[in-house]
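Comments concern the structure below.
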């Protein structure tokens, strides 16, 4: 157990996840390097709040999320959930502890098409958590299942149906219902709307918002779509190449971003105002390979504000203002 | 007066599947003027991709163009022979696909894929074609074009592949370019690069462009006029300003309100209830009526035609007149 | 540079495969029972025990099995396959007498099957669901349902017995007098017709099905649509873009099918009394002549491994993704 | 929340709307539309009927040589002997009926046996991956590359030499099964590799499901369609292989098989074609039946074809 600061439910400390890169050998493969998917990441999430994780593909957001839930085995670092050492619990192989932890933290996936088993009915899917955890008597399973269906905005008769009979939005509702079946306190929503149609997105986002206030849920919301992040998050962490480069309260981040990457990212979002050709910052080049990244600032090759030190040292995530963390040697300056 | 380069009238493209006939494009009419960018907006299944494939007459099996006229430079493409169409595809009308990693043939080098298209339409020998290919790669911003031209698609990143695909589409300097969600599979910062590039190239090559997308932000930034599609039909066509400020079709209006704006703070989003209809058995009358908050019983029965709201602004709603007034009041109240 | 490394890798990769198969082969032969006992099963001699013991020592079968394997492998690497239990001739000599006929037969059949099967498969895919396509696909499924030996019998019945066009057995006429136009080459061809057509018939059906289904799959890909959108001619799209991609599964299948055909050689060659390895194999098995059996097994294994290697190299040439792995 | 919603009420409500269909239901719907596949099913029904009720429907007992006594050997087809008689006076038609049972037993038996091995190897290799996967796949490669049929002949010949009384079908089934699993195991492994990355598997893990639960409840049901298709085509292959073995004389001489009938007919096929042609047709029809059934099942079950 660890005492966490007041209101903090989740604390991630120096989390690191490397994926080995293999080269196929003659008989067996041998390792030639590692993908630094998630490198020395630390943050805290407060009860009932939503932390947004923002970044482009390959920035390590999904890896980070899956590692927190021990779906990937961490390379190093610690995660505490309500004071419980998450990794230690999973490593202990104590079935009871693991199951009780699994009940507290759940995951909602990006692709509602592949996240439901096509051979199971919706009822089977939502009741599977009951079979695994047996936290409620068997008699109540169907009753609870119907409650959940209605809670996420589906009808009772949907329970008998199979996933392929649903649209993307409805499937995502089923996924949410399944995650809620274990009565979790903490949800990681990994791009829950990015594969949905625009007119359906708002439905799911509103549903997530309603559920949060109803059950006092804590969220980590992962997205590459900054406009939805602005819309539903309280705090936002921007990731680049496996690192958090900036972390701040949402309005603070969007209105006065300090890291050059955050600035570029925000300016790159097309604004829905015609004729207003934004003075956007177009970053040169592409995200470099996360295999064996440089030891200096990882954003250096694309940064136009770089100074000599950027190519010598690796910047740390520092608090430059109240609750505004930036990992940049020039974070304290106002750059244009 | 800008001349019209492409005019589609009442296009119908159906797919005969084992489950039934999918009316993917059902009576679409639209127009592209010379030198402009038309934003073709719609959600999945709205028929925007099928429309573009229909124009080139490359709708894959089991799709078939049933009816309509496609006037390109005052000639009906549907009356052309396959041989004549081959001369138009790639040379006068080009197409960029959504996913660059599947639209380039994985086993041929970039060089051979570019040269092939150039030689198909232009009388150049291999050396000249290669030179042209290198210039094109340079134009679309591939560093070290001379070296990288020998590479294969899998050696490029997503953004770079899309640049190659753009180079291929532009290789014969087409007068009309269809770009089908060219940035959807790319990261935000790469998307910004590609959009910037496309805007540049459009003026450089003096093209007209149809930009197919579901992202209203991209439309706002890139398009001159917008056509909104829903479930295989056109809902509304107007200038980009009117779409954002004076939309009259309930679907367009609802769509705009359902999109979170980056500039606004945390608040509840307005929701379009229900789901996108199944096009094997689409709703009768106006296809949007089951999800429309303004729907009356007549909407179930009568198929709305495109009607003129004002000059250059068409809408396919039976009750656009009343709705316009209601919306005006709402906007006043909000302001 | 990448390709060379790839070739070396594939070459080395073959070694454990070969060792695995040879061990399996060797232990199979030995778990099958004591060959000496099997050979002398009906022998009424009163001092049979002593005879067997002597034979065992003579053939080196009295040593522990791993020593025997070691000796066998060492000899094999020196290209010495041992001596036949029966004829007393070296296995090399015996196999040398029969191998060419099998290789000739299978090569001609393979070329025939590919030359006819591939174009038909392409046509069938392009005209999916047309009447001709349906005819082709139903004939192809008939084709894969007919055992080769049965096909051979039917051919012999019709073309040899009733029509008298082709000989029903052997690879050559016994007398020079019977050579068509006095030509040895024509005589060979004349004997080849029935067996090759019978073999080709069945494998052709497999190629048609394979080419058709992989072409259909490829024609659905985005890059084909993109090629169409760039105005390439149908011919370029089919024969360059689609066919080249379809070659990858095709090559895999040719590799596998050569193995299958060689395994099926005993049946084809029995039907046509074809003096090849398959025919030899059946005879050797009937006589339980283990050195010859082992020898043929290993020769065929080597051929299959060789074909696999060629397949791998061809992949590398066709598919850059493999080359630059 | 209202707790008065009983299951009964729910089902009543559900009936109002269209009936839910599982993917199996859809597959069956598609299968029913495929006439060829139905014909395949019908053919196999007849063969199965022959295999089970052979002794009751065959016009002559298996070792009946009354025709021999009457000197009616190698007699052309007639009303007495629909498919003629062979050189010992056996009724060819009856013999074909008796041949159905061993053909099916070997075909199905070996296919099921090899599939059990294939599923075991394929699922372990695919699900756990890593070194186990490498080792198992190398092992399967040996089986894939070696000339299995040749090995098989030796084993059966030895069995024939040792056992004077005959060894039945068990050995053939066993050996065909052991030699035939490698290709299928690779297909199943590939499917496992693909499915284990699906998000519904991750979701189950996240809910705390055990590996056993994930393999049996989530992945296997999704591989079942592939297993069915593979088994059908492997039955067809095994029926052909069995026919080949008995044609070469490597089968129990006490069991009437179609391959053996063809082999016996060879000596006199010139005069009495019916001895060999009809049993061969029986093989072709049986194999064809399984092949078109397999094709139909693949078309019906393959989710890629669903539009």
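Letters A, B, C and D mark the chains in the order given here, with residues in each chain numbered from 1 onward.
Here, a contact is a pair of C-beta atoms (placed from the backbone, for glycine too) under 8 Å apart; a residue touches a chain by one contact, two chains touch by 3 or more.
Because the structure is predicted, anything quoted here is derived from the model rather than measured.
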Per Cα centroids, the chain farthest from chain A: C
A-D or C-D - the one linked by more C-beta pairs in contact: C-D
CA centroid of chain C to CA centroid of chain D, Å: 24
Mean-CA-position distance for chain D and chain A (Å): 48
Rounded Å distance, chain B centre to chain D centre (Cα mean): 51
Chain C, residues touching no fewer than two other chains: 16
In chain B, residues with contacts to at least two other chains: none
For chain A, residues that touch 2 or more chains besides their own: 27
Complex interface listing, chain D residues touching chain C: 36, 138-139, 141-142, 145-151, 153-155, 157-158, 161-162, 236, 240, 243-244, 247-250, 262, 266, 269-270, 273, 276-277, 280, 283-284, 287-288, 291-292, 295
Contacting residues of chain C [partner chain B, same complex]: 128, 220-223, 225-234, 236, 240-241, 244-245, 318-321, 324
Sites on chain C touched by chain D in the complex: 16-17, 20-21, 24-25, 28-29, 32-33, 38, 41, 138, 141-142, 144-147, 149-150, 153-154, 156-157, 161, 259, 262-264, 266-267, 270, 281-282, 285-286, 288, 293, 296-297, 300-301, 304-305, 308
Partner chain A, residues of chain D touching it in the complex: 1, 3, 5, 7, 10-11, 13-14, 16-17, 20-23, 26, 131, 134, 138, 198-200, 202-209, 213, 217-218, 221-222, 303
Chain C contact footprint on chain B (complex, rising order): 53, 56, 58, 60-61, 82, 86-91, 94-95, 97, 99, 102-109, 116-117, 120-121, 152, 154-155, 165, 168-169
